[in-house]
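Here it is: the structure, laid out below.
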């Protein structure tokens, strides 16, 4: 098992290198001169050239990439072009909010999605099933930012229960969390329902019935764990969607998280920040995926056997 | 005189969906005495599995419907029982083994847990007693007790089927229904499992309904045989009646003629022509008549009755 | 001689099953309406005078006979903007799905059919792209290229490639191991023939379902990018940027965001309904 | 002696697996004369299907030779091999999976004709398809049906027609009747035997069903874990099985008759051992009641134990007598 975890962590290295290379090339090879953007349109050609020299922008692309990788291995991700502050500081200042938002949303999405999915499958074709499926369908069809706006309109402006923006207290997280969770919750609900229906048809469920087990026992003891196996994968994938979604949600609620930092850095061609933020998010996503795979092993003994091989 | 344990009378079962109605059982009559081994033989779609599932009322919910008939078990009509009452019979008095050992065990529970479950459900034993019963059952089917902590995927097909048999027998049921228990197994493993089942039968005196398409398996271990076609028992009797008597239903004759003979050299087989009838649109009269080499005028119109001589019953107009 | 059975296409059977699905038919009707609106947008509402031209005198007006959905902060007719916005959204939805579908599909098919080193290289590359959440990747690309319709299309297409490559690859792998593909090899059919004549028709169904659902999510993503200011820029009547503008007047004029939002939801919902219905119709087993 | 139509020499096929090299076919040498049927029998995992696929090069062999009319086809390049496809065909086990679900019956049967450009003219192709359908007993009205609309027996007939479309000399039949009910199975077996007589076909008939293999084969090879352990003319193998595995296999068959009821059968204990990196020696030794240490030292070759009767067992051929 430990071997497997170490192997997976080692596999992260080429992935991170690849991602950093892709992002680096996207930003470097497209038009737009960071030095010009930093200094503004009125700066002299000479000043821009000096800055380019200083930032190392005149070096060939590959050389720049290699030196970036070299220094980031040593823990130096460079400094923001704009503020001059080290990238790490900026990211660590903003990341907690984003992470909290993503985790709260994941929690909400699973805590509601899985039970609703199970109930829908068990009470198939009932009113509860119909209602939750229509609800889930609507949730997947609404853009999260629009849900956010509607929530603000109803709960902040009309009812004045939650703040429009700001996360000074826990109340401030409520609307952003719902906004961010809505899509994933719908997906998890639907997935849970369909795998549950699949599992209920399995031969071993019939075996359990032939043993004389009650429906309740069959569902809790035989079905849920088996049904969760594919759902866990979906949760992992959704975490990626959630991390990406924070960019949008933070914009809707004007929250100072990693997402807003990233968007503004991209606009300013603030390369070190963009690189840092994307790599950070990708690492977070990869680690979550690793965790998901480990949870997998806990639920499914067959997978566990594969890992310990 | 042996006592009747199971008596199925005039059983009709339909599978009803929005699009069609499949007439799976069309008046099945079947009797099984205590401690007896009955082989129920037929080809795909004959209604063997449906018969088994109706006994335990495990037919697919809302689709499989018993439209007529009784299933008397130890004098009680199972079709009239409530779900809770049936649960007390399932696993305790009547057990069932399914065809595919690969999918019949829950992949996320250890085999020990799965055997223990059936004991827990029906017996009031403490944890220790259950453990020792699990050990005893595993040893009985030839698996070392220490393997109870393993998961199904760690067992081979033959071993899984042994686990399933152990599970089915752990409450000493009066009736064991085995649906193609060895079909998915290799022939040498099948021989092992069949031998074991025969030994257990002598040890435990459990009655058994063995469902199979393989006349060879039936010949090896069954006392009585019933042959199904299109949802009916078309011939039944003792093993001698089926394998050695002169008079047979033409379908039975066709079935034997289709099996390549291992002892004598035959040039060509004598198969039954044509195909199984469509169960949503069964023929009038005798359901076998479109394929029957001895079809008469009456066969097309009138459904034949059983002709009974002592133990041997044939449903055919040829015999009056 | 008895009458020959007619050749019934597989897709006719699918259509027959789909027709029985009420929700899918509702979805299809909504989509047809949306498409009609998009095609005849210029006839329904004049682009220059209603959707673009600013008119300070009538800003932020509510619902009225002249302006069915009210007017925005520049006095433009929201109904007209939504009508013309449908064009943008549907075009982006369709193109930003078909382009990555073809590229990703090709990558997936090649990786799935040939396996080995080529598969390894291609799929590792796809895995890397997948390690960045799609929307982030799209954001990075569109930001680097600069805003605009074409750039948005490129960004969404690149971000979509790895997903389709995976789907196609896994379907190809399941089909490729079936005996009828072996049979085609045994009769001497070449690789191209096997891929096109034997494998492709068999993976088309699930791929169509994915594409339909993909158009739905792409429309949402495109709107999201425009919403955060990285996609299509005002004054073009794009739904996401309209919502972004409306957000500032959420207190005074909530109708700015409601109607535009409903337009997005209806379009996306219709595609989701059709996608779900197609999935059931293609694989009737799933339903029971 | 006449040249055999098909001959394999020390044919091997190893697969890579996470836990080592899987020896699916491990040194098999066989011969099939023209117009004859060689039955290959064995339990699941013995490599019989892999053997069939390696012989017609659906899988590439790891080592060894396959001679077709004396020429080693494993050395053939792409084009030569494409020509060979007209000489050898295969019929599959699963009548559902072996037919493309998106093609009609006539398209499936016409496909080999089109691929090999045997006929150009559409009318000619259609005529040929019609004729093939007649040959295998498919009613003309089914010509535009899709596989899922047909039953297993008819599907298998399509598979046979497809194989016959290129007029091959040799057909590998990989469990062609295993998925069928016994009454349909008999129809298909009769059809295959009729076709063989009419067209002079040569079959390699792979199956796990001993009664089927006896019925259809002239000669039978028994396989165990990738190796051929015994080979003999059909009747001889059943009357006088030599290898302990063959004996166990034969005594395991439940016969549909009451004559042997109650007789104790010798049943072998244990299960097939792993085909991954098998240790040297007789593969059957771990389960064999006669095994000695000597059996585990080195691989045992097929030894002539009688007229045309070969067995790979230490008990035969070197002065040992069978029991």
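First chain written, first letter: the chains are A, B, C and D, and each begins at residue 1.
Heads up, the rule we're going with is that a residue touches a chain if its C-beta (ideal position, glycine included) is under 8 Å from a C-beta of that chain, and two chains touch if they have at least 3 such contacts.
What you are looking at is a predicted structure, and each value in this text was computed from that prediction instead of being measured.
Peer 1: Work out which chains are contact partners of both chain A and chain C.
Peer 2: The common neighbours do not exist; no chain touches both.
Peer 1: Using the touch definition up top, find the fewest steps from chain B to chain C.
Peer 2: Each step joins two touching chains, and the minimum needed here is 2.
Peer 1: Can you check which chain pair, B-D or C-D, has more C-beta pairs in contact?
Peer 2: When C-D is set beside B-D, the one with more contacts is B-D.
Peer 1: Counting in whole Å, what is the centre-to-centre distance of chain B and chain D, each centre being its mean C-alpha position?
Peer 2: It comes to 32 Å between the two C-alpha centres.
Peer 1: Rounded to a whole Å, what is the gap between the Cα centroids of chain A and chain B?
Peer 2: The computed centroid separation for chain A versus chain B comes out at 53 Å.
Peer 1: Can you work out the whole-Å distance between the CA centroids of chain C and chain D?
Peer 2: 49
Peer 1: Give the residues of chain D touching no fewer than two other chains, as numbers and ranges.
Peer 2: Expected reply: no residues.
Peer 1: Going by the touch rule set out above, which residues of chain A reach two or more other chains?
Peer 2: none
Peer 1: By the document's touch definition, which label belongs to this structure's chain graph: line, ring, star, complete, or other?
Peer 2: ring
Peer 1: Quick one: which chain pairs are touching?
Peer 2: A-B, A-C, B-D, C-D
Peer 1: Which stretch or stretches of chain C touch chain D in the complex?
Peer 2: Touching chain D: residues 1-8, 10, 178-180, 182-189, 193, 197-198, 201-202 of chain C.
Peer 1: Tell me, which parts of chain C touch chain A in their complex?
Peer 2: Going by the criterion above, the answer is residues 124-125, 127-136, 139-141, 143-146, 216, 220, 223-224, 227-230, 240, 243, 246-247, 250-251, 254, 257-258, 261, 264-265, 268-269, 272-273, 276, 286.
Peer 1: Quick one: which bits of chain B touch chain D in the complex? Just the residue numbers, please.
Peer 2: 43-44, 156, 158-159, 186-192, 194-195, 213-220, 239-240, 243-244, 254-263, 265-266, 268-273, 275-276
Peer 1: Mind pulling up the chain A residues that touch chain B in the complex?
Peer 2: Touch residues, chain A against chain B: 202-204, 206-214, 221-222, 225-226, 299-302, 305.
Peer 1: Considering the complex alone, what residue numbers of chain D touch chain B?
Peer 2: Interface residues on chain D, with respect to chain B: 43-44, 151, 153, 181-187, 189-190, 193, 208, 210-212, 214-216, 235, 238, 248-249, 251-258, 261, 265, 267-269, 271-272.
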